[in-house]
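Chain nomenclature is as follows: A, B, C and D, assigned in order of appearance, with residue numbering initiated at 1 for each chain independently.
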Amino acid sequence: MMYDFLVDLFGNSVFADIIAGTIQSLLPLFLFILPFALFAVYLERKVSAHMQDRLGPMRTGWHGWKQTIADIIKLIQKEDIIATDNDKLLFNLAPIVVFVGSYAAFAAIPFSSYFIGTELDLGIFYIVAVTGLVVAGILMAGWASNNKYSLLGSMRSVAQIISYEIPTILVMLSLVMISGTMSLHTLSEQQTGYAWNWYIFGGPGMTLSKFLLIPSMFIGFLIIYISTLAEVNRTPFDIPEAESELVSGYHTEYSGMKFAMFFLAEYANMFAVSAIVVALFLGGYQSPVGYFGDLIGASWMIPIEQFTWFTVKGLFFVFVQMWLRWTLPRLRVDQLMTTSWKYLIPIAFVNLIIIGLITLL
Amino acid sequence: MGFLDKEFTDGNIVIAKVEDLFNWARLSSLWQVSFGLACCAIEMMATSASHYDFDRFGVIPRPSPRHADFIIISGTVTLKMATRIKRLYEQMPDPKYIISMGSCANCGGPYWEHGYHVLKGIDRVIPVDVYVPGCPPRPEALLEGLLKLQEKIRHESMIKKTA
Amino acid sequence: MKKAEEIFQLLKDNFPASNLELKTDQPTEAIIIASPLEIDKICFFLHDAPELLFDDLMNLSGVDEPKAGVLTVYYHLGSTKIKHKITLKVSTDRNKPEVSTVTEVWKSADWHEREAYDLLGIIFLNHPDLRRILMPYDWDAGYPLRKDYENPEFYQGMKVPY
Amino acid sequence: MAIKTEEMVLNMGPQHPSTHGVLRLELALEGEIITNVIPHIGYLHRCFEKHCEAMTYPQIVPYTDRMDYLAPMGNEFGYAIAMEKLLGIQVPERVDYIRVIMAELQRISSHLVALGTYGADIGAFTPFLYCFIDREKVLNLFEITCGARLLYNYIWIGGLSHDLHPDFVRKTREFIKEFRPNLKEINDLLSHNRIFIDRTANVGILPIDTAINYGVSGPNLRGSGFKWDIRKDDPYSIYNKFDFDIPVGEGKYGTVGDSWDRYYVRVLEMEESCRIIEQALDQLPEGDVQSAIPKRVKPVVGNVYARVENPRGDLGYFIISDGSTSPYRVKVRAPSFVTMQVLNELCKGYMVADVVTILGSIDIVLGEIDR
């Protein structure tokens, strides 16, 4: 949609294609992901501060709102250290791979019915595949740093992300079974109307199977939320960068902008996984109470409202992630594996079968 | 510092403004190596804790020296530790700053005379930007030290060498 | 609860060949003086004898006494079961300071003995791991707590005195 | 073909977020499993014992503060007890009461740091700050008494540097009233948190026999289920006048003597300290706190060994006097120094993450280990 508009704008030529493609791929980065990551870091610091009877950043602008901007400008200025024993190629490549991995996921996320990077039919599949790239980046970072803490951190991280991808995918599969589509856009479209049409409440329609599905969907929702927490290395699953054990895990050796890329990728990822959960279970960009634009007959307002709803829902889950982080201790690496392999995966399987049987009804 | 010495000896508006921005960013986002040595480390922790809240100034403790901008030498530096601190300092990326907290780090403190294993002042090993006196300094004193460091950074210049 | 005199008598009976001595002229506790190479056997006895059961080595301190030409080790023993206490003392020649280790009896003696070695240069025979503990491993200026210790001017290029 | 494997040696410290100071641990790892731990200490060796030989007896008091800098009152208390034993001084009753109040307040503040940093080690950062909020209140009490926040130089040989502030009694009562609900909150947030229990229960089990043989004392020994507290078993000062319990580890969520037990003993001890403080405040007599301070401290030739129950365990002072105004030799039996030795025994077979857990649970202070 947007692509066509841009091509029109520049006239139909080969250059227009290239320019339109570039702009379209950069636009979400500068419009949304970067500001969001900056905002999320600020939010994290403020949320944690207020939970701990503190104020958090106060000196840069009103309540320190410019804090993360200062952080980024400072990180750009920092010396970029590459130690002699680092594997230089991998060391330089790793932050880019991690950043690309989490950034590419945004391409298929439906922010509103009009603002989607690419409307992929295989949206879910694509996101699962492309976020897998992050694993490679983390492993590269850990190996190239030539630091034992980094290595341990990256190995833990890889084991963790791979283990938790299985329950995530199993839950996603159950959704695919019900909805019959892998496109996140279609999924969101199906959940239109009011909140009780969301998949967490069994999906659209007022059939018997909807009510039978509700318990399974709640379980599925919990599983996918827990697994996504683990996939983005948040407490209680933040063992890859466990500060008290591994200094800061796979990015221990990175300084300056490369560290910033890891940092931003981490926060971008937080939103990406929340967005997936929202799109699958909580109606995506759909409003739970109907649209104001419909009410006053201004249909141009609807995409904006949808975008707002999507951001609000996504941010709520980001907030929950932060809330958990500042409340819970972290698990040990073996307990983490136990949680995935002994609890989440079997439950997800059983859940999948139950949902399959119900959809057969 | 001073890499543009020849081209812009006086500086100009663009340079000065960019410089202000950069200095502002550096001074408002000072990340600290979470590194405690002795008694002063407890006061440093108290400064980071809720009551005094270092985070107000944008200071967050980073466990890895690679991510940090400044280090607080909080306590007695022994000869055995001095070489490690030097190494820690060398691992930090430029620009980096040092606050020497407490009498021991400043000059050896109460151990200056008979401390056969105490380094009499961290400035014998690494350059210090701000000295905070006290044994141990109160958290308010450490905050004052941080403000002094910010002031120092504010007046830094890419063009002119600061004294 | 046993008094120092009773403990001394028990030791005398069990180690007739040893050169033991009871010193009660102290303002506080009495001290039993033993020989440095037999201290491990005596400690084994004190630890195991059912009426003594000194299971807690409260403290082990080395002292330099250049006037007498000796290095002394004090052992403060206590019992968590019978709740009595005793102090042992051994003295060894300053030029060849050798004392039997008591790490076999109490594991807690390990670091205390290493510290005494580190700061005073007392050599504990048969100690499992007699290295410097507080000072750097490459410290070659001697033993700091000896009364005639002189601090070096430089250590690894760092000036040591104020 | 067998794959050739070798142990990985991981160096932890001296700068590491959770070694509680400048401790260096050399961990031999088989994957993530620990096969051996070698602690290297001495990075904070500040020559306390050498200083004692050069200072006069009253001048040593500030130096004792700087050993266990989380419990300076306890250190001073121990030194004063030892010196009074050597000099044969009987201190006024009010001094004794104030000393006990201070020592117990110090125990609370020290345990709060121990619990808070323990939470932070395991990944829960918020309880750490909650603990520090309460600790700040205790420090305020100390501050109105003697003007210092951390290192007090308050308990002198034969007396105290200042009498209590007129507001002290009221403020202390207020603090205890506020503190009890906060303690419950910390319990809810951390002690009985499922993840926290999973991390700490059945980790780093210390049997009683091993503990005694290694000289482990204080809350760590009591965590193993052994009822041993110098305040009761070898009473000093006026502790025999108070009614309090000695909490021991019971293995509520795992085996007796695991990290959780050691942690929880500290929580319970804070409650007992509150009880002692309340009783002492009720009975606090009037009097002059400086009447027994000797004009010139010059003890007879001889030696003395005295020990007190510090928050970290059995703190002992061995002082040899040669009849002059400064001691011939002072040796301190630092509880953390002795307890550290057991670390290797505790860590073997556990994972890297557990080293942090175990190290936090034995609650060391490097200033005291290295002196």
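The criterion applied here is as follows: contacts are C-beta pairs under 8 Å (C-beta built on N, C-alpha and C of every residue); 3 or more make two chains touch, one makes a residue touch a chain.
Predicted model only: the values in this text are computed from it and were never measured.
The set of chains touching chain B and also touching chain D is given as A, C. Among the other chains, C has the CA centre that is most remote from the centre of chain A. Set side by side, B-C and A-D show the greater C-beta contact count at A-D. Every chain gets a centre from its CA atoms, and the centre nearest the mean of all protein CA atoms is that of D. Chain centres here are Cα means. That of chain A falls 45 Å from that of chain D. Centroid to centroid, with C-alpha atoms defining each point, chain A and chain C lie 63 Å apart. Put simply, the C-alpha centre of chain A and that of chain B have 37 angstrom between them.
Multi-chain contact residues of chain C (touching two or more other chains) are listed as 134-136, 144. For chain D, the set of residues touching two or more other chains reads 16-17, 42, 45, 47, 50, 129-130, 133, 370. The set of chain A residues touching two or more other chains comprises 52-54, 243, 247. Pairwise chain contacts present here: A-B, A-D, B-C, B-D, C-D [touch as defined]. Here chain C touches chain B in the complex through residues 134-136, 144, 149, 151, 155-156, 158-162, going by the rule given at the top.
Chain contact summary for the complex, chain C toward chain D: residues 26-29, 31, 55-59, 61-64, 74, 76, 80, 83, 87, 106-108, 110-112, 119, 132-136, 144-145. Those residues of chain B that touch chain D in the complex are listed here as 33-39, 41-43, 45-46, 49-51, 61, 63, 65, 75-76, 78, 80-81, 84, 88, 110-111, 113-118, 135-136, 138.
Contact residues on chain B toward chain A in their complex (touch as defined above): 21-22, 24-26, 28-29, 50, 53, 55-58, 60, 62-64, 66-67, 69, 91, 93-95. Remark: chain A residues 45, 49, 52-60, 64, 66-67, 69-74, 77-81, 243, 247-248, 251-256, 259 touch chain B in the complex.
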